[in-house]
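Note that chain A is present in both complexes that follow, paired respectively with chain B and with chain C.
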Partner chain A sequence: MIQVNHVFHDYEGKGKSAVSDISFSVEGGSIFGFLGPSGAGKSTIQNIMTGLLPIQRGEVLYEGKSVRGLNTAFFNQIGVSFEQSNLYSSLTGLENLKFYAALFSVPTVNPLELLDRVGLREDANKRVSNYSKGMRQRLTFARALINRPKYLFLDEPTSGLDPKTAVGIRELILEQKSRGAAVFLTTHSMELADALSDTVAFLYGGVIAAMDTPEALKRVYGRREVRVVYREDGEERERAIPMDDKAALAAFLTTADAIKLHSQEATLEEIFLRVTGKELTA
Partner chain B sequence: MRALLMSISREFKLIFRNGISIFMVAAPAILAFVFILVFGAVNESSLKLAVDDSVPASAVAKLERVADVEHLRDADALNLRVRGTDAVAGVVSESGTIRILVEGNEGAAFVQGTQAIVSMALSGTSGAMEYQSEEMEAKGTMAYTVSMIAMLLMALFIGGATVGLSIVDERECSVIRAVAVSPMRLSGYVATKLFPALILGLFGMSAAALIIGKASLLPSYLLLALASVLVSGMMTFAIGAFAGNQVAAIGVLKLLVPVGMILPISAMFVPQAWQFVYYVLPMYWQYRALDAILTGSPAGWFTLLTLLISVPWFAATLWMFTRKTNFRKAR
Partner chain C sequence: MKSILSTCMQDFKRLLTNALFWVLTATLAVIVLVVNLALPKEMASETVQQLTYNAPADLAFGVPAESEAALREAVQEGAAIGFIFAKDSVTIVHPGYSEKTLQVYLLELEFAQSGAMPAIIDVSYLDEAAKEIPFNLRFTPIFIAFEALMTGFILGGALMLAEKQDGTVRALRVSPFGTAKYVLSKTLLFSLIGTLYASLICLLTVGVAINWGQFLLLSFFGTAIFTMIGLAYTSPFYDMSGWFFSMVVLLSVNMLPVMSYTSPAFTPFWMRLIPSYPILMAYRSAMFGGAADPWTIAISIAAWCVVSYLLALVFVRRKHLRGVKA
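Up next, the complex of A and B:
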């Protein structure tokens, strides 16, 4: 389990924190969606969690051990997929994975197998400089899985991918969750977070504005009503009926020529807008 | 160890798949060729002569006592040989008169020296006389010394600079961040950069020394290259620290070349009383060691000082690098 407790970070040391009092936990075998617009502080938190930035205040614990004292063994257990694909462009895709695999002192996944899973098997021996943006993104993602990480950090893993490939990547992420990895998913894609996350946190202006399971957030911020589309006098009409008024709903459905029924739960996008007053953009 | 070897192998792949890096690696050898074209061959301690069939066998035998003699079939072949890049004088006999042919760009000392030796050898008064051709060559001139030391300093500089450009590439495409969240320690990362820099330094030094005909001094050169590993590392991580992209790297190189090469050579023009100003620079001790090796003086102390003085400089550069790149800053 990863525990982030009351973390603050001030880049310039002038008392203006980029992130303030951030606390959450990520259980093994779960996906934590960290949502927020650019500049909200998502990368700052991920960098602190992965040891790229020192902790100034607060604590990050892995299985109860502080990230401050973690050694090489810890880095054998993490996998990080960066938003910007960062690869050796003069090496081939296969060479990139082989090199990275060699850095670990734990058993690693066969690079070709991984390339196969992300649809790059046929391009394994092409230099990365000849890869498209989406191919580089997939290779960066594959690299994060090379050591079967116990803690997986994913930053916009499906950004720039075509829908079919994105589905494949989602399946791989869910596989990591199934084998017990704690997945920290940073994204501004509400749809991706909603589909994958067990818990989501909205980060805005360096603070967590809301955090819960997607279902709970939808319950809290959604409208408990059903919108019924029905036909009357040859025209399509709509009517909203409170979910709690079961008798009224039942009576209306019995008498009306109903065409469609929609529960009026809020989307994560709407919830974010309601919580922060701002739209979530990249 | 596997990580280290893979990283070193990757480093060489990156270098040899980059046109600029390949050119940089080859630069000392190319310069060495230019050097011998400009200054003539200095790789032989014996005089080289070329003769054709016009020279009687008895005269050839006398010349062979004092020089390396090449036998050529006719006057045309001899003329062609004399025009070669190295310093070879041709000897022909016309109606019983011995004539010496030189290319014309060797310098008066060479011409006069050759004439004197050939004359003495053929007159039978020289016997197996001993001589040092260096005294008649341009070796002792300031231009020769400055050029020779500059070229050898460059051979040492190039290794560090080439690997430095590889770090810049890692920074530019942010792959250094992926390495930073891997189990590789900073010490391992440093080793994977220093080793290729050392190998390239050794290669450059060997190539330059062999091409300019200083093979006998190679062990001393290689020892200096070994002792200069942290000077190369200093250049490597200075470039890596101060350049975030290839364009900035060119700017940093423009600053480092004077520091790494011109500054130490400038000591040659500074009075002895002021030499102490240079003592804190490891590159100065590189220069002193090279100068000592070239003049045949003991260079061990200067070589050792190169290593010792470079330690704090390297540590400071590495500290700067970790600050600028956040590499393992948290640990």
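Up next, the complex of A and C:
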């Protein structure tokens, strides 16, 4: 389990915190979706958790042990996929993975298998300098999985990928979860977070504005609605009726000439807007 | 160990696509060609003729010139030193010899005039080792020290800068690959390359008859020292331009011991503190024998290995692996 307790970070040391009083925990075998607009502080938190940024205030604990005392054993257990892909461009995709695998003193995954899973098998022996942006991103993602990490950090793993590849990546992330990994998923994409996360946190302006399971958030903040498409005066019209207002719904359906019914849940996107009053634009 | 060797291999593959690597390799070929073809084996100054004009007939000294003008012309061409005799004086015409050299000629003239010329004059050179080194080969240690041994400094730095540019240094930072392994893997790679280059230069110029044990050890640890200094030095840099410029300054300071190498009389104490000093001296004794005190050299080089390793550890950790702006 990863625990983040009351973490603050001030880049310039001038009393202006990029993130303030951030607390949450990620259990093994679960996915924690960390959502927020650009500049909210998502990468800052991920960098503090992986030891890239020093902890200024607060604490990050792995199975109760502080990240301050990071050692080789810890780094053998984490996998990090970065926001910007960072690979050896003069090496091939396969060489990148083989090299990275050799850095670990724990068993690693067969690089070719991983490449296969992210759709890069055929480009395994191509130099990364000839890879497209999406290909690099997939390779960076694959690299994060090479040591079967117990703690997996993913910063925007599917942005800019075509739908088919994105589905493959989603499946891989879910596999990591069922393997027992604690997955910290940073993203702008409400849809991805909704589909994968056990818990989501909305980060806005450096603080957590809301945090719960996606279902609970929808229950609390969202309104479940039924949209009725009906015919009136020879025209198609539409009306939304709250699902819990059963009387109104029944009354309307008995009188109107209904053509289609949609039950609709509020999306995380809408909830985010309601919680923060701010659009979450990618 | 597995991770160190694997890093060596991948750094080597990265080198093969690096232009600087090929520039340095081409320089090696140029050096071999220059030493063998462009530099003379002996300097012309050793065949200076002593010309005299108007010398007493019984004087056993020099070769008479046809005229004063002919004498002056020969001196002008640099192939002679002239002695013009007058009633009570001798005028020496020379192309710019030092006072000391002129004293030697005057002494010889004095002997000739007094008729007390010793039958045999034996010349003994203070530095026995340097006596027989052909002129063109005398510079080989310098070429080796500042080409072969510098590959680690320059190319190690270039690889580090590329890691920063690619951002791969951040991937290394979240891996179990520590600073010590990082420094050792790069140092091992370049020590092997440096030793190979040094051996090639030596084989293709001086030949096989040298002290190979000393030569190989020296090349390996010499390259290691410069590689580690280079890693420490490059750590704070983010791009090629600032790094390259200041590197040239640093390398120039490191070249100062060449002065002491060519003129041993000029060896101030601070000169011995520059790492290339003991290395140059050790190369000379490995390749041409004599002179250098093996213990002083071994201790200086061992000390530099320790110092440069510690410097590399501290700087690479603080400024390269951990210090990159997140």
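Assume the second predicted complex is superposed on the first by the 241 of 282 C-alpha atoms of A that agree within 3 Å, B and C clash if a C-alpha of one lies under 4 Å from a C-alpha of the other, contacts with A are read in each partner's own complex, and residues count from 1 in each chain.
Keep this in mind: contacts are C-beta pairs under 8 Å (C-beta built on N, C-alpha and C of every residue); 3 or more make two chains touch, one makes a residue touch a chain.
All of these numbers come straight from a predicted model, not from anything done at the bench.
Legend: residue contacts after superposition of the two complexes on their common chain; A:248 is shown touching neither chain B nor chain C. By the touch criterion stated above, A:240 is placed in contact with neither chain B nor chain C. In the superposed model, A:67 makes contact with chain B only, not with chain C.
Legend: residue contacts after superposition of the two complexes on their common chain; A:84 is shown touching both chain B and chain C. In the superposition on chain A, no contact is made by A:167 with either chain B or chain C.
In the superposition on chain A, A:55 contacts chain B only, with no contact to chain C. Overlaid on A, the two complexes show chain B and chain C touching the same residues of chain A, namely 50-53, 72-73, 75-76, 78, 80, 82, 84, 86-91, 95, 98-100, 102-105, 143. Residues 48, 50-55, 67-68, 70-73, 75-76, 78, 80, 82, 84, 86-91, 95, 98-100, 102-105, 127, 143 of chain A touch chain B in their complex. Partner chain A is touched in their complex by these residues of chain C: 2-3, 6-7, 9-10, 13-14, 17-18, 162, 166-168, 170-178, 326. Listed in rising order, the residues of chain A touching chain C in the complex are 47, 50-53, 72-73, 75-76, 78, 80, 82, 84-91, 95, 98-100, 102-105, 143. Residues of chain B touching chain A in their complex: 2-3, 5-7, 10, 13-14, 17-18, 170, 173-185, 326, 328-331.
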